[in-house]
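So, here's a batch of structures to check.
Here chain A shows up in two complexes: once beside chain B, once beside chain C.
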Partner chain A sequence: MDIEEIERRLREGVPGGIVEIHRAPYSPHLVVDAAKIRDVCRFLRDDPALRFDYLTHLSALDTGATLCTVYRVLSLTHKRTVAMRAYVPRDNPVIDTVSDIWPSAGWFERESFDLMGIEYRGHPDLRRLLLPDDWEGHPLRKDYVDPLRYQDIDNTRDYEI
Partner chain B sequence: MNFTDMREINLHQSLPDGLLVTNVDKLLAWGRLSSLWYLLFGLACCAIELMQTGGPRADLDRFGAVPRATPRQADLMIVAGTVTLKMAKRVKRLYEQMPEPKYVISMGSCANSGGLFAYAYSVLKGIDKVIPVDIYVPGCPPRPEALTEALLEIQKKIQNEKYLGRGPVAAGAKE
Partner chain C sequence: MPLRTEEMTLNMGPHHPSTHGVLRFILASDGEVVHSCKPDVGYLHRSIEKIGEKMTYLGFMPYTDRVDYVCAMNANWGYALAVEKLAGIAVPRRAEFIRVIVGELNRISSHLVALGTMAMDLGAITPFPWALRERERVNDLLEEICGARLTYNYVWIGGVAFDVPAGWLEKARSFVDSFERMIPEFDRLITGNKIFHERLVGVGVIDRETALGYGISGPNLRASGVAWDIRRDIPYGIYPELEFDVPVGACEAGALGDCYCRFRVRVREMEESVKIVRQCIDRFPHEELEFRTKLRRVKPPIGSVYVASEAPRGELGFLILSNGTEYAERMRIRTGSFTAMSVLEKIAPGLMVADLVAVIASLDVVAPEIDR
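For the complex of A and B:
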């Protein structure tokens, strides 16, 4: 079953869930409607022909006008993998959590929230994962400006490189 | 016998008559420099070299330096590795928990200046922005020989300090 068949099955199972199919040579992926991400994910996990039972990775991209969550799921049953993207607007980056569908999404979503500022609605414990709780901003966004201070600590270099 | 450099004392050879002439400051310094307990604490890959330095080949123990797993009984802090801003606050807390007199070795490029990560938003640009440093050891990471040298430099520093009559500010204390 290649990505076209996965897409066809998803279009039947979740109407309107797939926006497009992206055939990049290095990493083909499906673009999912962010509003239907939970339906798509649950179908991917539960459909006997798909059975994507393991979320290997979840990360995020800054594309400029939008932010994007990237999902890569694996079927241990059928031994295949597929990648998905869900785009959210930059001024309101909110998407539903999938941490109850795949528990491994829990920390990935926290990391993505921490570094990219995407809010995962319904996440049970959406705190920063890596940076301190009082950190300002989301460093992996393209428009992020490095802070000159953190609390009472000077964050500038005393030398030229 | 009279010793100018207390580190040269070899008790087995120098006390045939059970007699040793020195002064109390030097004797105390000798005691302190010969039992430098360093805080058992590593932050990144430099910690691997720190472990090698404590291990049997370099064997920091032969200079009386042994790891201590609590800051409250440690004399020396070896900052071994990359210090993030989040960790910097904890490093400072650990330093403050150590009793005076206390010493700090900044081990490796990251602790010295941020090193490889000097352009990172979340990495401290040198541990001396947070705590005072006695010895900087260059290297990425420094070899065990280099860290051993740093310990000997700390010992040299202690040897020239007056421990008694040091007043309200303890010997080794920084401004």
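For the complex of A and C:
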């Protein structure tokens, strides 16, 4: 089953869930309507013909105008993998959590919230994962500016020793 | 009158002898029983993903050593695979063999650290120097090939940094020959030990459903009965030409997916690595001299790629987004320890505090790989 068949099956199972198949230049992936991400993911996991039982990884990208969450799921039953992207607006980057569908998303979403600032609605424990709780900003965003000070520690190098 | 008990918050780490790096756990416990465990990670966050956007593709290679310094060869290799696929760079056949040899030697040394420290966490000091004695020999071999003992920067994009020195393959063969005899020795020392058994059998069971749900990978996943090995199932390099078994949790004692299964899977994986190294030495293409595609710079076309490789701690995947320049637009690293750590929140409730140490050790988490 290639990405076209997966898409066809998803279009039947979750009407309106898939926006398009992206083929080039980026590696083939499904573009998912962010509002339907939970339906798409649950269908991917539960449909017997798909059975994507393993979330390989979840990450986030900054595309400039939008932010996007990247999902890569694997079916150990059928030995196939598929990638998905869901775009969210930069000024309101909110998307539903999938951490109850694949528990591994729990930490991946926390990491993505921490470093890219995407908010996962319904996540049971959405806190920063890697950075300190009082850190400001999301460093993997392209418009992130390195802070000059953190907790009275000088981050610049122009000081006299 | 019933005995009054009270939940206590217990802080473990960040500097704790049994936490395999700088890790912190916040435990809620009632006496010795853990009610909840919240891992607090990030102490070793070095923003490697952000650095990946600031460095050229060639310049980023030494940083991959630091993703997981216990198996830096495999981290180098995983990154090289991703860039090679993205930029369409060919790898000479001689380099493919060298990569497998150094990768599997590093897997052996990584598993030795895992098993030695695991025994030490359980209170057995002797196995640790025994395991490290063998690891030193791997370090000597890798030092001879690339000059470094921990962070190698050896597997380069397009091949490997240096050719194998004269006589090195024979040294590697004599190492695997003697190491193969050392595995039963290690077995006699520790595997059959009654106290060791008591501490591991039936402790920290991760069933198949949980393992898949939490995205556990590598030996931890296989210990839960899932026969999934990227070297075999999404093969890369010359692995399709090599013969090796994929050890899966055999439930020799206790329950499938317990700490003992994870221990045994690693021991058996070392045996498989020995087989793989020996095959590579036997079939080594001596007549092909090229070991590296010379590259002045790497400038992949606009595109993206995700390439997974089987590192000793599970799936090591690089997601690279290229904008057509020498600098990546996004460098994402998926590591095995990250998901292995997240499962603790699920399996810790109900464990004894001392068993939690065994579980952390059996999952073989390496903190810098979680934090990157």
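Methods note: the second predicted complex is superposed on the first by the 155 of 161 C-alpha atoms of A that agree within 3 Å, B and C clash if a C-alpha of one lies under 4 Å from a C-alpha of the other, contacts with A are read in each partner's own complex, and residues count from 1 in each chain.
Rule of thumb we're sticking to: contacts are C-beta pairs under 8 Å (C-beta built on N, C-alpha and C of every residue); 3 or more make two chains touch, one makes a residue touch a chain.
Remember, it's a predicted structure, so these values are computed and weren't measured experimentally.
J.: Given the touch rule stated above, what does A:148 touch, chain B (first), chain C (second), both, or neither?
T.: Touch partners of A:148: none, neither chain B nor chain C.
J.: After superposition on the shared chain, which partner residues are touched by A:131: those of chain B (first), chain C (second), both, or neither?
T.: Both partners, chain B and chain C.
J.: A:53 contacts which: chain B (first), chain C (second), both, neither?
T.: So A:53 only meets chain C here.
J.: In the superposed arrangement, does A:65 touch chain B (first), chain C (second), both or neither?
T.: Neither partner.
J.: With the two complexes superposed on chain A, say which partner A:139 touches: chain B (first), chain C (second), both, or neither.
T.: Touch status of A:139: both partners.
J.: In the overlay, answer first, second, both or neither for which of chain B and chain C A:156 touches.
T.: first
J.: Looking only at contacts as defined up top, I'd like to know whether chain B or chain C touches more of chain A.
T.: Touching more residues of chain A than the other partner does is C.
J.: Could you tell me which stretches of chain A are touched by chain B in one complex and by chain C in the other?
T.: 131-132, 139
J.: Please output the residues of chain A touching chain C within their complex, sorted ascending.
T.: Contacts found on chain A: 24-27, 53-57, 59, 61-62, 70, 72, 76, 79, 81, 83, 102-104, 106-108, 111, 115, 128-132, 139-140.
J.: What residues of chain B sit close enough to touch chain A in their complex?
T.: Touching chain A from chain B are residues 85-86, 88-89, 113-114, 118-119, 121-122, 124-126, 129-130.
J.: Provide the residue numbers of chain A that touch chain B in the complex, in ascending order.
T.: Within the complex, chain A contacts chain B at residues 131-132, 139, 144, 146-147, 150-151, 153-159, 161.
J.: Within the complex, which stretch of chain C touches chain A?
T.: 41-42, 45, 47, 49-50, 210, 212-215, 226, 228, 233-234, 301-306, 308, 315, 317, 319, 321, 330, 332, 334, 338-339, 341-342, 345-346, 371-372
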